[in-house]
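What follows is one structure encoded as C-alpha cells, with my remarks underneath.
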C-alpha cells in the first residue's frame, strides 16, 4: 500500500542545483547581470595586464585634464593621470569594498534580525531599537562618525591581506551602516518563519535554539538574504562613493568613489571635464545594476510565489 | 482615553530620549575637539590658554558624566536645544528653523514628484507585469535607484548648467540684488529644477519597485479572481479592488520617507550649494558642533517617530485588518 | 490523585492568550481581553490508550496538544507526566528527556516539513538532537525502521528526497515517521487526516492503530470529526470553547451522548448508507461564540436548544452519567 | 538683472562666517573686514597706501609707547564721529574683561596680547596712545577690529562673548557695511557714505558663501558673479580661456608642510628614527618642491622653503645657503649614512631597532585653509617609497585630524607623518609658533630651547630689523632640525569679470587682509 | 441523460472539455474530455480526491481559468449557446448575472479592505444598473437571506467567522439572481455544525430560486446530503456519474466503491479502516490506460493499455472496462 505509483528519479542536491541554475539562467536579467559582473571581475583581476601599473602623480604621463583622445581613451584627470588606467585599477578596490562590506552587513544583519525575530520579547525590543537608531541615522553620516573609531580599533600602518588598512575601515564602516536594512527584512521573515510548524517540530525533536536558527531558519532565509544582498551591494558602492566624496578615501588606492570625489573637488563639473566624472560614475552604475539584476533573478528563482504554480 | 494617549506619547518621548542619549554619546566618541576646531580658522597663532578658554566658554571643560549629560538632558526636556558652538551661541532651534524651509521645499517637492510618478509607474507596471511599460519603467527606475544621487546631480549640472546654460546649477536665488517678488519667485523655481530633479529621479526607483511588487502580489490574490468573476472591467478591477490594496506597503514607505524630509539630502545639497539641513549637518559635524548635531538628530528622530505614528494611523485607515 | 497507570494527567489546565487591542481601541482606552483558548480541563490518558479530543474549529484542541508537547505554556493548572509535574519545566536541554517520551504529529504536513531538508534529515533530527544513536550506521537503521513502520517502503528510496518530491500522503507519513523514530510513550496526533481525502486518510489511521498495538503507545487523537473519533479511539472527550463538556468511552459518547452539544455534533454528522442525509437538525442558533468572549453561565447556552434559566447563570460542573462517562450539563443528572 | 544694471558687486568665495560679532567669532574675517577697520591694516606693511583706522603711527625710542594718529573727520557709517575714543574703548573693553569670568578671550577681538599692554588712552579725538609693559610690536600687529563705542558700550561681557549677534545693519568705518546676513548663504552690503575716501562708487555688494568652488566657477561663467575667489586650478585654467574674465592669483600666508612626529614616549610614532634630525633631513632631500608645485598645484604655488612664506614680505628669506635640493640618490645616501639601511635587501629600509619602515601619513585640510591637492601626498609617498620608506596614507576630516595631531598629553600622536596646512598671520609670533614648545599648532611636537628663546625675544622686540634677524635665526634653526618640511605656499586663485566694474587693480587683486580693492571699484 | 447539444432543456452543457496547464514548455493535462449537462434547478456534486481536476472544471465553466491554462478541446454551452470561455471581455456580460461562483476559501475571495455590504452591492450596481441606495437595500436583503443580521454589513471580512464569510460569499453569488451557482468546497474548513447550516441554506435557496448548483467537494457525505446527482472524478476524468441514491447504494466504478467504503460509519457499528491502496496519480507522468489501474482491486489486462470511455449504464454513466462487455449501448465520451 505504500508503493508509489510513479517512479521518482532519486535526485539529490546536484540535481536541485542544476535545476536551480537552469531556472536562474533563464532570466534575461540574470544573463546581462552576470556577463557585466564577469567583465568587471576580470578587469579587477588583471588590471596591470590591461592598462599597465597604477598611475599616481609621480608616474602620470599625460597633460592635465585632456579630453579623450587616441592616446588617452578616457582622457586624463587633473593630475595628468590616464582616466582609463585609474578606472580599471579602481575596479578591484571598489569591488572588494562592495563585496566584503556586503558580507559584513549580511552577517551582522542576519544575526541580529534572526535573533530579534526568533527570541522576540525584550531581546527583540532592544535589538530593534538599536536597528532603528542605525536606520534613523543617514548611513554615511554615521559612517563619518564611526570612521575614526574604527581606525582607532583597527590600528594603522601595515597591510592587511595586501590591502591598506584604510580600505578595511571603509569596509567595516559600510558594513556597520548597512546592516540595519538587512536586519529588518530578516527579522520580519523570521517572524513568519518561526510560526511555521516545522520549527515547532524541530523543538519537539529536541533541537536547541541555536540549532533551530542555524539548521532551520537560516536555509529558509537564504533567498531573502541573497536577493537583498544585491541591494546592499548597490548601497555599499553608494556609501563608499559618498565617503570618498567627503574625502575619506585612500588617495593611493583610488576606488571609483575616490575618483569621483577627486574629480568633484578638482572642479571637473564646472570646468566641463565630463570624462573625469562620467567614467567612474558609469562603472558604479553598471556594477550596482548588474547586482540588482542578479538579485532580482535570484529572488524570482527562489521565491515560489514568483514561480508559476508547479 | 487620555491615559492611553498619554502612554503613547510617553513611549514616543522615551524613544526620542534614547535617540538623544545615543546621539550624545555617539558624537562625543568621535575624535575631534570642538574648541580646537573653533579656533582652526584663526589667522593668528592660538595659545593653549585660548583653547582652554574656548572649552570653558562652551562648557566642554566639565566632566562628561554626570555634568554635561545631565545638563543636556534637562535642557532638552525643557525644550531647550542649546546653543551652537560653531555659530557662536546662536540658538540651535534658530539655526535649524532657518535651514528647514529650504530643505523641506527641496526634499518635499522631490518626494512628491517621486511618489506621484513612482507610484503611477509602479502600479501600472505591476498590473501589466512583463509588459513593455513594466520593462522600461522597472529597468529605468532600477538604473536610477542604483545611481549615486550626487553623481546624477553633477551630471545634470554638467549638462544643463555648465553645458547648455539653461538652468542655474547652484543656490536658491541668483546672486545679487533686489528684484521684484514675482521675478524672485520665478528665479527660485528655476533654481529648484535641477536639485529637485536629481533627488526625485533617485527616489522614483524605490517607489516603482515597491508599488510594482505590491501590485503584482495583489493581482494574484484570490479576490481579484472574484472581481473578475463578477464581470468587472479591467479598469473597474484596477480602481475598485487592486489600487487600494496595493497602496498599503507604498503608504508605509511614503510616510517613513516623509519622516526623512527634514533630514535633507546631504550630497545633493552639497552639489547644488543648497542651504538646507543636510549642509548644516555636514558643517556641524566638521566643527563637532554637538548641540547642533543633537538638535538635528532629535528633530529627525521626532519626525520619524511621528511618521511612524502616521503610518500606523494611515495603515489602519486603509487596511481594516491591521492590528497594532 | 494521579493514577499511576496514567501516562498523562491534566489538572484544571488553563491557557489564556492576551489580546492585543487595535490602535484606535488603544487610543480610546478600551480594555484588551484574553482569548480563553483552554479554560480548565481535566483529562487523563492511560498507557496504550487512544483518546480522541473532539470539538469544532477554535475550541482549543490544538492548544491542548501544544501544552502537552510543551510548545505552549499553560496559564493555570498542572500537567503531570508519568506522575511527575511537568508544568514549569522549560528550556530545550531540560526538556530533552521529556521530548524522548512525548512526540507530536502536526495537523498540516505541508507546513511541518522544512522544505530544505531531506527526508532522512527530517526523520534523523530527533534522533540526533536527543542523542538516541551512537553512530551513523545505527542512525540509518533507526531512520529506515521508522520510515518502514510509517509505511514508506523501501525506506532507502526516500532518504534523499525533499518534501516537494513527496505526495501529500507521503508527507504526512514522514511526519509520523519522525515522531515514531523516537519510540515515545505518548503521541499527540493533531488532526492528522482532516486535510486529506478519504483514501489517504484511511492509510494513516491504519498506521496509527497498528503502532498502538505494537508498542503500547498512548495516543491523543485530535479531530473535529465524530465518526472518525469513534472509529479510532477508546475514549472520546468533547471540547467546547476551551472546556470539556463530555467524556466517555467511544461508543457511549457516540451512541448515547448526554450533552446537548455532543448530540448536536452527532446529529450534524451526515450519514451515508441506508437513509441518506442527516438527522433533522435541532436548529443550533447563533454563531460559534469566540473564545475571546466566553458567555456567562454554561458556555453553550446561547446555542443550546434546551437551555433554561439556570444555564444562563451558573456553569454546570461535570457529573458522572455512567461508568467513566461524565457530562457537564444541568440536564445530564 | 545683472551687476551692470544695478551696479551691485557680486562676489563668491568659500567661507562660512559664523556670526557678525567680532568678540565671539574667530573665523569670520569675511564679511566683517569690509565693515570694520583694524587700527593698522595688516597689508599696510606691504602696501603703504592701504591703511586702517589710524592714518599714521610712531613709537618711542624705548619701544614702549606707541602713538597713533586717527584720520581726521572720520565718521561711523551711521554718521557718528569716529575718534580715538572709539579705538580706546574697543581695546579697553577687551582689556578690562581680563579676570572676569566672561573674559573676552574666545573670539577674534580677544585679550590675547593685551597682557603686554600697560595703558591705552585717547589723548584727544585724533590721538591714541598705547603704552606697553615690554617692547612689543603688538600695537601694530594686532588684528582687533575697532567697533563704535556708542553701539557696544552697554553690551555686557557675557553677551559680547556669547549670544549678542550684532545684527545688521552694522556700524563701521569700512567701505561696505553689512546690511543683511544670511548664515551659510550670503551677506549684503551697502556702501558707507561716510567712508574716509568718499562713498564707494558701487551701489552695493553681495558676498555669497559656498562650500565648494564649483558654484563659484559656474557663477563667474554665467555672469552671476563679478568676482570669485578660492577657485581650483582646473577651473582657473578653464576661466582663463574666457576673454570676459581676468584671472589672478594672490600670495597668502598659508604654508603646506610635512610634519614629522618627533615625540618620544607618549604619542611617539612607529619608529624612533622620526626623532632623529638626520633621518628627517635625509627625507627632506627626497622631496621635490618644484615638482609638487608643478604637478599638484599646476604652478599655482610657490615652492616651499622655510617657515616664512613670501607673503610675509617683511620676514621672508629663501635660505639659499642652507637649502636642501631634491636628490633621491642623495637622500638614500644620507639615510645609509645615518644608519637606516636596507639590511635584508627587500627594498625596505630598517630602522636602528631593526624594524622595517612603514610610516603612516595622515592628511586632511583643516578648516579655514586652502585645500591641499591630494597629488601632494601621492608624490611624497611615491618618493619615499622609492628610497625604501613605504608610506600608507590616511585621510581624515578636520575634526579627526585635529584630534590626532593634538598634544600627546591630550591624547594625540601615534602617527608618523602629517601633511597639513596652516594659514596664519604674517606677524613673527604667528609665523614661528608652529615650532614653539607646547603651542597647539606645533603638530610635530618638536621642542627646542634655543628656538623657544628666540621666539620670546621676538615677542619683546619692536625694531623690525632686529625682529627680522631673530625670525631668520629661528627659521634656519628649525630648517636644519627639520621637524617640518615646508612643501609649498599655495596661491589663492581668483577671477573677475571685466564687463561691469573696473578698478580691480593688479593681478593679485584681493587683499586677503582688507577690503581692497572693493572700496575703489567703479561701474565700467 | 445526454440529448442533442442544441436541446434547450439543458441549462449548461459541457462537451469533451480538456484543459492543459502550461509550465515553461511542459504542459500537463488537468482535465480530459469532461462532458456533462445540467438542468435548471438541479444540484450536481463533483467529487474526487485532491488534484483530480474539480476546481479546474469549475473555473473552465466560469471562464476564470488562470493565465497559464489552455482549453485544448471541447466547449461549454449555456442555454444552447457556446460560451466564449477563453475570451475575457466577451464573457463579461455572462458573468455573475448567469453564473456565479462561491470560491474555495472565502477568506481570500473577499477583498479585505472593503466592507462586506459594499462588496455584495457592487455587482448589483455594475451588472443590474442599480443606484447605490437600491444596491445597498438589496445587499441587506441578501444578508438577511443567508442568515446574517443586515447591520453586520458594515463589518470587514476579517471581523467575521469562517462560516459567516462563506455565507457572505453565497449572498454575493446570489446578488444578480444567477441561474447557476458553482460552490467550490464551500465547507471544507468548517466543522460539521456550520457545514450543516450552509448546506441547508443552499438547499432552501435552490428550491426558492430554481437555482442550479454545482457542488465541488472531496467529502461524499456532503454530496449525499445536498445533491441530486453526483459525478466522481479521478485524475482529470469523470469516472462515474449517477443519482446520489444510486451511487451510494450501488457504486459501479471500483474507485467509487473504495471511496464509499473508506468512510467510517458508526451507524453500522464496525470499526474497520479500509484505505484505498496506492498513491494518487501524478498528472505529469500519467499512468497508461485507466489512470486508476495501479490501485484498482479488480484490474484486468486491458486496463493498463486502454483508456475506458464513459458508458451509459442504467441511470448513470461509468468509465470502467469491467462493464464494457455487459453493456452494448455505449456512449462516446466525445459527444
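The first chain written gets the first letter, and so on, giving A, B, C, D and E; residue counts start at 1 in each chain.
Rule of thumb we're sticking to: a contact is a pair of C-beta atoms (placed from the backbone, for glycine too) under 8 Å apart; a residue touches a chain by one contact, two chains touch by 3 or more.
Please read all numbers here as calculations on a predicted model, not as lab measurements.
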| query | More contacting C-beta pairs: A-C or B-D? | reply | B-D
| task | Taking CA centroids for every chain, report which one is farthest away from chain D. | result | E
| How many angstrom between the C-alpha centroids of chain D and chain A? | 44
| Where the CA atoms of chain B average out and where those of chain E average out, how many Å apart are those spots? | 55
| remark: chain D and chain E have mean C-alpha positions lying a whole-number Å distance apart equal to 91
| said: Distance between chain C and chain E based on Cα centroids, please, to the nearest Å. | reply: 32
| note | By the touch definition above, chain D meets two or more other chains at residues 212, 214-215, 218, 221, 397, 400, 403
| Multi-partner residues of chain A (at least 2 other chains) | 1, 3-4, 144, 148, 246, 264, 269-270, 272, 310
| In chain E, residues with contacts to at least two other chains | 275, 279
| message | Applying the document's contact rule, which stretches of chain A touch chain C when the two form their complex? | response | 1-4, 8, 10-12, 16, 196-198, 200-209, 211, 215-216, 219-220, 310
| task | Under the touch definition given earlier, write down the residues of chain A that touch chain D in their complex. | result | 56-60, 64-65, 78-80, 144, 147-148, 151, 156-159, 164-166, 246-252, 262, 264-273
| Along chain C, where are the residues that touch chain A in the complex? | 66, 69, 71, 92-93, 95-96, 99-100, 103-104, 106-108, 111-117, 125-126, 129-130, 151-153, 157, 160-162, 164-165, 167, 170, 173, 175, 178-179, 182, 203
| task | Spell out the part of chain A that touches chain B in their complex, as residue ranges. | result | 129, 132-133, 136-138, 140-141, 144-145, 148-149, 152, 234, 237-238, 241-242, 245-246, 260, 264, 269-270, 272, 274, 277-278, 281, 284-285, 288-289, 292-293, 296, 305
| note | chain A partner, complex, touching residues on chain D are 212-215, 217-218, 221, 231-235, 237-238, 270, 295-296, 298, 358-360, 363-364, 371, 373-379, 381-383, 392-397, 400, 403, 414-416
